[in-house]
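Provided herewith is a single structure, encoded as structure tokens, for subsequent inquiry.
Chain nomenclature is as follows: A, B, C, D, E, F and G, assigned in order of appearance, with residue numbering initiated at 1 for each chain independently.
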Amino acid sequence: MNIQPLGDRVVIKALEAEDKTKGGIILPDTAKEKPQEGKVVAVGKGKITDKGIQPLEVKVGDKVLYAKYSGTEITTKEGDELLIVREEDILAIIK
Amino acid sequence: MNIQPLGDRVVIKALEAEDKTKGGIILPDTAKEKPQEGKVVAVGKGKITDKGIQPLEVKVGDKVLYAKYSGTEITTKEGDELLIVREEDILAIIK
Amino acid sequence: MNIQPLGDRVVIKALEAEDKTKGGIILPDTAKEKPQEGKVVAVGKGKITDKGIQPLEVKVGDKVLYAKYSGTEITTKEGDELLIVREEDILAIIK
Amino acid sequence: MNIQPLGDRVVIKALEAEDKTKGGIILPDTAKEKPQEGKVVAVGKGKITDKGIQPLEVKVGDKVLYAKYSGTEITTKEGDELLIVREEDILAIIK
Amino acid sequence: MNIQPLGDRVVIKALEAEDKTKGGIILPDTAKEKPQEGKVVAVGKGKITDKGIQPLEVKVGDKVLYAKYSGTEITTKEGDELLIVREEDILAIIK
Amino acid sequence: MNIQPLGDRVVIKALEAEDKTKGGIILPDTAKEKPQEGKVVAVGKGKITDKGIQPLEVKVGDKVLYAKYSGTEITTKEGDELLIVREEDILAIIK
Amino acid sequence: MNIQPLGDRVVIKALEAEDKTKGGIILPDTAKEKPQEGKVVAVGKGKITDKGIQPLEVKVGDKVLYAKYSGTEITTKEGDELLIVREEDILAIIK
């Protein structure tokens, strides 16, 4: 199955705990806003501005840190749990 | 009957349960914001920006994932139940 | 009597029940936002944007679907009940 | 006395009941937002946009329909009761 | 003492009751928003827009009608009571 | 120590009571919004607009009138009490 | 580990108390909005405007004063406690 997010939206697959250890970000339980690590699986064409369409900064395959409670969760037929967020809700790319 | 939505609006026909199985998206009951699958049956000319009219990304025939409780429901004389939403409320195209 | 709406406003004459049957849209009573059918009798010059004035999409004679509780009702001396709405409140043109 | 409204403001003299009969608009008492008829006696230079100053659509002498409870009432030394509104609050020109 | 207001701000000296009679505006006590007459004593360079700085319409010496409860009151060492308002809060120039 | 405020921010040193007498502004206790006099000690590069960066109107050394309760107070190692405000919160330059 | 913040975001490492003494800013306990000193460790590509991408003013290595309770805290595998904020929340660069 293939999902093409619209506009400035991005599809993310959350990284599991073991992956989280690899990624190296430990999130404090007391943080006001809890970010989470994930992998980008699809990106929209970009955000519409008065200069035209501004392409997104993230690309498929990027490991990203995003705001945990943002976006919309979906489960594909193959059983993948994915999240559709706006790029605005992605804080950083982890290299 | 022919409906031409205005601006950045899109007319969608919700996909039935059997179609939903085909599309392959299973939606968790606990999701904060429940998206739904549907088929685009008509699209507006685009969104007015300061660069002029920005054409929509979706086109007639696209299978889309949209925010379930958005938009306005109408029932045509032929008995079709349709939904008029803004493209903003469409999350992704499913291929 | 002649009414020239300003800016992006449109003057609409609501279609009666018999016309509504002809138009073919049956509106569910439970809809959150009830649209209604009407006929455009006058249109403004357009919406002011930073690109200049953007002409409206609807034109006199169009049968339109609009948000029922929007706009301002007036009754002309001839007894016509009209509605002045912004084009923003018109959902679609019915052909 | 001479009043030059600023920006997109317009000075209106409300039409009396007898004039209202002439104008031909009968306003329902139950309308959510009650418009009223008046005559334009002065107009501002226009609205400031990023394209420069956009001149107003209404001009001195126009009979207009405006939102009744908008704007600021003043009484001139000559006893004229006037209303200063933004052009935004004027719904239509009556011809 | 010399005050140079910033941006789209204007310094106004309220006109006394006797001046108000001369100016000719009698303000009803029941007005929802009470405007007042005053004289412009200093003006800012203009409002910053995307076209650059848009000079103000009012100039020093203009008699103006402004929203009474807007702005910030100051008293100079010479005992002058002045008001600093945005040009937005000035309704009209009285000629 | 050297502070470079960002964007449209300005660093102000409040003028003491004796300076205030010199400056000549006496502020009424009953004013809704109490402005205060101060001296500009550092200015940002300007406000980002769609025309690029718009330089600030105030410059180092200007005596200004600003909204008293705006901004962020800091105390430097040398014991100076400073205030970081946006230029927006500065009402006027006193000459 | 390498973090690339998105857009106008900046990654900051808070300066410890001993560093704070060196930096020279003493923050009053009674301040309404408490700023804090930190060091910039990564910066985003810039803010998207209608003129294109506006690069950030701060750069890696800058000592900055920022709004204490803004942003999102993260802890890296190496044990570094970092903060991701928007440049908007940075008040000034300390030189």
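Quick note on the criterion: a contact is a pair of C-beta atoms (placed from the backbone, for glycine too) under 8 Å apart; a residue touches a chain by one contact, two chains touch by 3 or more.
All figures in this text were calculated on a predicted structure; none of them were measured in a lab.
The minimum number of touch steps separating subunit D from subunit F is 2. Chains that touch both subunit B and subunit E are absent from this assembly. At the subunit E-subunit F interface, residue numbers used by both copies make up under half of all numbers present, so the two copies contact each other through mostly different positions. Superposition of subunit B on subunit C using C-alpha atoms only gives a rotation of 50 degrees, nearest 5.
Note: centroid distance subunit B to subunit G, computed from Cα atoms, is 41 Å. Subunit D has its Cα centroid 52 Å from the Cα centroid of subunit A.
Between subunit C and subunit D, the centres computed from C-alpha atoms are 23 Å apart.
Multi-chain contact residues of subunit F, defined as those touching 2 or more other chains: 50-51.
The assembly's chains link up in one ring whose order, counted from subunit A toward subunit G, is A, G, F, E, D, C, B. Partner subunit D is touched in their complex by these residues of subunit C: 1-7, 9, 11, 42, 45, 48, 50-52, 72-78, 84.
Of all residues in subunit E, only 21, 23-28, 31-33, 35, 47, 49-51, 54, 57-58, 65, 67, 87-88, 90-95 touch subunit D in the complex they form.
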